[in-house]
């Protein structure tokens, strides 16, 4: 389904991504893990054709990454959608939530107003949000609700691949668990392929079948999640990512 | 640093040339043909032959661009031609009248600074207190008082009811009091508000808040921490507001029949004295552009780290 | 709604005054007590009285009716002028936000002329060459204000372009004009709206100021600036001739200023 | 063990009446460290700002903060000046933003010293250098003459710690001092803080979102979520036997990240 071949990206002469090579099949889920500055967000933007690669190719069901022409972009975005980290506001603050969610349906489908309303309500319930929230502005939602609304908006056009770029990083620990469980249930129900980008390895068990570790733009290793915790096989860098605060281990054992 | 100063100089020239082109086009659009206008002006009958020679002499028959280049050639060397009405060279007439206007603008400019900066800073530091709110609402009303109405009220109270001050002319110092007061009052309202908003904005900066958490003494904190960082924006405010003083001087000089440069320029309109209008407009524009360039230079010398995206506001 | 009114009494009063003003301006012929142009030499320079609340001028015309008729001369044109300015600002501003830097530089120096120079100077040059009359004055005011709006809107569009919801709108299939009209402009309108209201107050002062200088409206028009000019000539004899039109200019400008201030504090 | 600072029913509300911090009470004991844990937006930073009376103008605060018998809300500006920096020192998340960008660091030390004590410039500099060496900064004279942007994050934080402890305050408020630093420097700063606090009877309010660091530094821990302190107690109870569901999740999340050997929950 998604093919990334020998991908390079340089910004102002500084190498951001070097020789990235992987693929995702239907319904499969891959996690991309790395510290900030490892180029994982740039990779997401390249896959979403928001930036063009310096060299290398990206294919989706055989179609190349769009670069010109609105139609090729629309075709691409019908199949791939993304949920951002939402440091700023990813939903248009001047629109009501209903209008925000209606936007992809207006652009991608020829549904009339009633069908659009029905679709929006269906997905709004699927992510567990209350109907009468639809009337007010995105600004009124809490952090957790906001990300659920973005998820609903991304799923409306039934994409084949969903990219989550640090989707839960701004939420507190409890909300993160709830969002992960929601993602897992939706993935099973819709047979959705998932590309989950994060810096926190602990979120991945149960969510993604494979994990790819990035360090300063280079691929460190690609392995199945079940092999995450046997440290013998893992690359030393992955191990350090896991135990990020080795120094406090001795102190930790004393108190618990 | 030098590269961007040259770049700015280039931009200044481009802007000035565009402005002169704008003035020239307006002149060409003026109703009636200048040659016959002049003949009528001096009482001669505009016969076809005389009008034709004049047009030829002034090169009015050439293409628009050629006319502009010929015109620009003269103008950029300071030959602004002769005033229709007085026949005197425009340049000398203008320079004669610069004296009173520059004194008027300079004195009200300085007075405005002395009044507004302390009040603005004081209000900014006491943001939200009763005094701040009262003075702030006064500035809201102050911004809506028309300068010309205020001048008339001043003229009425201090010139008619209690005739203490001269209301016309510019011969003695006392003649300056009323015009300067009127201009200063109107301009300082705007200045106070700007200085106040800068003070509020700058006292919320992280390093200023941090200095407060360290309990610095006021005699140390205000001068060398808060005001030092506000120096550049206040300097910007001063330099970008000078043109608005010129705008105000036109109204003030007319009301108080103050024989300055601005009044001379305004009267040229009633006499449709094209060379004077054109000459004074170019002169003022040149002065403002050069003045802005000088202040940019000043910033670079003062603090090369300063990032130059000043807001050029005008009252 | 009631709580809003009680919370800010002054802006509500200002709003009521403006609505009242617009109604009087529209219904001037029916509600003004006398004919504003009817001269009557027996009643020259009468002080304010029951019959003539604002008194009469040097030709015996009733000042109250002239002020009422003056509304449509002094206030309505301001709305027209500023909506043209706003339109230019939106079109040219948005367009120039997407320019390459060469063209952008030229646009900047073009707008630099009209923002650096005082609007009074530009107006004098325009009216000086093109002659008196309100059309030239409106053209001159548009000329001196369009650059400020282009500059500001260009800046606002540049900021909005970087917002995440613009990238998100591309991903949900919106492109080109749709992004500008549906996502960018609605988000910059609040700031522009507030600025517009504050500028109405400034342009009222400018327009009446030009008529006061004799450049804009010409006698016998009941425009407030012209009435103020007559008032100045008769200051010793009939001060009320100058006071009332000036006060109306001030009151109208102040009410727009008050509303604009309230909206700005809102954000 | 005497109570140094008592915070009782602290409430912070914004203009719209939403309560950002709700009925929070805790106390700081001499020589003990209290760690206030919470994720971003939980109100922990607001709580620390409230203690120093540095809340932004649009927030209203209620409740009682008592520093050794002195109610902090009713203090005069002058009294506050001697408490801030003198009795309560503070360090923040972004050290380079807490120093004036265009004043050399040495001068800022001298200004601080002379604001609180009648000492000569030379004496103040000597004290400053002594303090800087205590925070393990080797080349003190170089640091004294350089500007904030010329030093690394770690060095800037050490300068801030030196400044906060210069006047031997009773309480040190540390608001996420290490979250902006890389892991190695983070550990150095934490070890440094532990040492500096150990042999004095100074109390520290340490604000963080990282359970691990607070476990290492703190004697008592308070867990804050959405403006409320949901659980409070000694470090041993909180970490080994948390009652509240949120604290349990915090511990599980942290131990999984830390140990890496925890069982895989959803295999």
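As written, the chains take the letters A, B, C and D, and residue 1 is the first residue of each chain.
We take it that a residue touches a chain if its C-beta (ideal position, glycine included) is under 8 Å from a C-beta of that chain, and two chains touch if they have at least 3 such contacts.
Owing to the predicted nature of the structure, the values given are computational and were not obtained by experimental measurement.
Colleague: Report which of B-C and A-D is connected by more C-beta pairs in contact.
Modeller: Greater number of contacting C-beta pairs: B-C.
Colleague: Could you put a whole-Å number on the gap between the CA centroids of chain B and chain C?
Modeller: Between these chains, centre-to-centre, one finds 21 Å.
Colleague: Chain A to chain D: how many Å between their CA centres?
Modeller: Here the centre of chain D sits 35 Å away from the centre of chain A.
Colleague: What is the distance in Å between the mean C-alpha positions of chain B and chain D?
Modeller: 52
Colleague: Using CA atom averages as chain centres, what separation in Å is found between chain A and chain B?
Modeller: 56
Colleague: May I ask you to sort the chain touch graph into line, ring, star, complete or other?
Modeller: Looks like a ring, each chain touching just two neighbours.
Colleague: Please list each pair of chains that are touching.
Modeller: A-C, A-D, B-C, B-D
Colleague: Mind listing the chain C positions that touch chain B in their complex?
Modeller: For this pair, the touching residues of chain C are 105-106, 108-110, 112-113, 115-121, 124-131, 148, 201-202, 205, 208-209, 212-215, 225, 228, 231-232, 235-236, 239, 242-243, 246-247, 249-250, 253-254, 256-258, 261.
Colleague: Would you pull the chain C residues touching chain A in the complex into a rising list?
Modeller: Touching chain A from chain C are residues 163-165, 167-176, 178, 182-183, 186-187, 189.
Colleague: Spell out the part of chain D that touches chain A in their complex, as residue ranges.
Modeller: 39-42, 183, 187, 212-213, 215-216, 225, 235-236, 239-240, 245-246, 249-250, 253, 255-261, 264-267
Colleague: State the interface residues of chain D toward chain B in the complex, per the touch definition above.
Modeller: Against chain B, the touching part of chain D is residues 52, 54, 56-57, 80-86, 90, 92, 94, 97-103, 111-112, 114-116, 148, 163.
Colleague: Using the touch definition from the top, list the residues of chain A that touch chain C in their complex.
Modeller: Per the stated touch rule, the residues are 48, 50, 70, 73-74, 77-78, 81-82, 84, 86-95, 103-104, 106-108, 150, 153.
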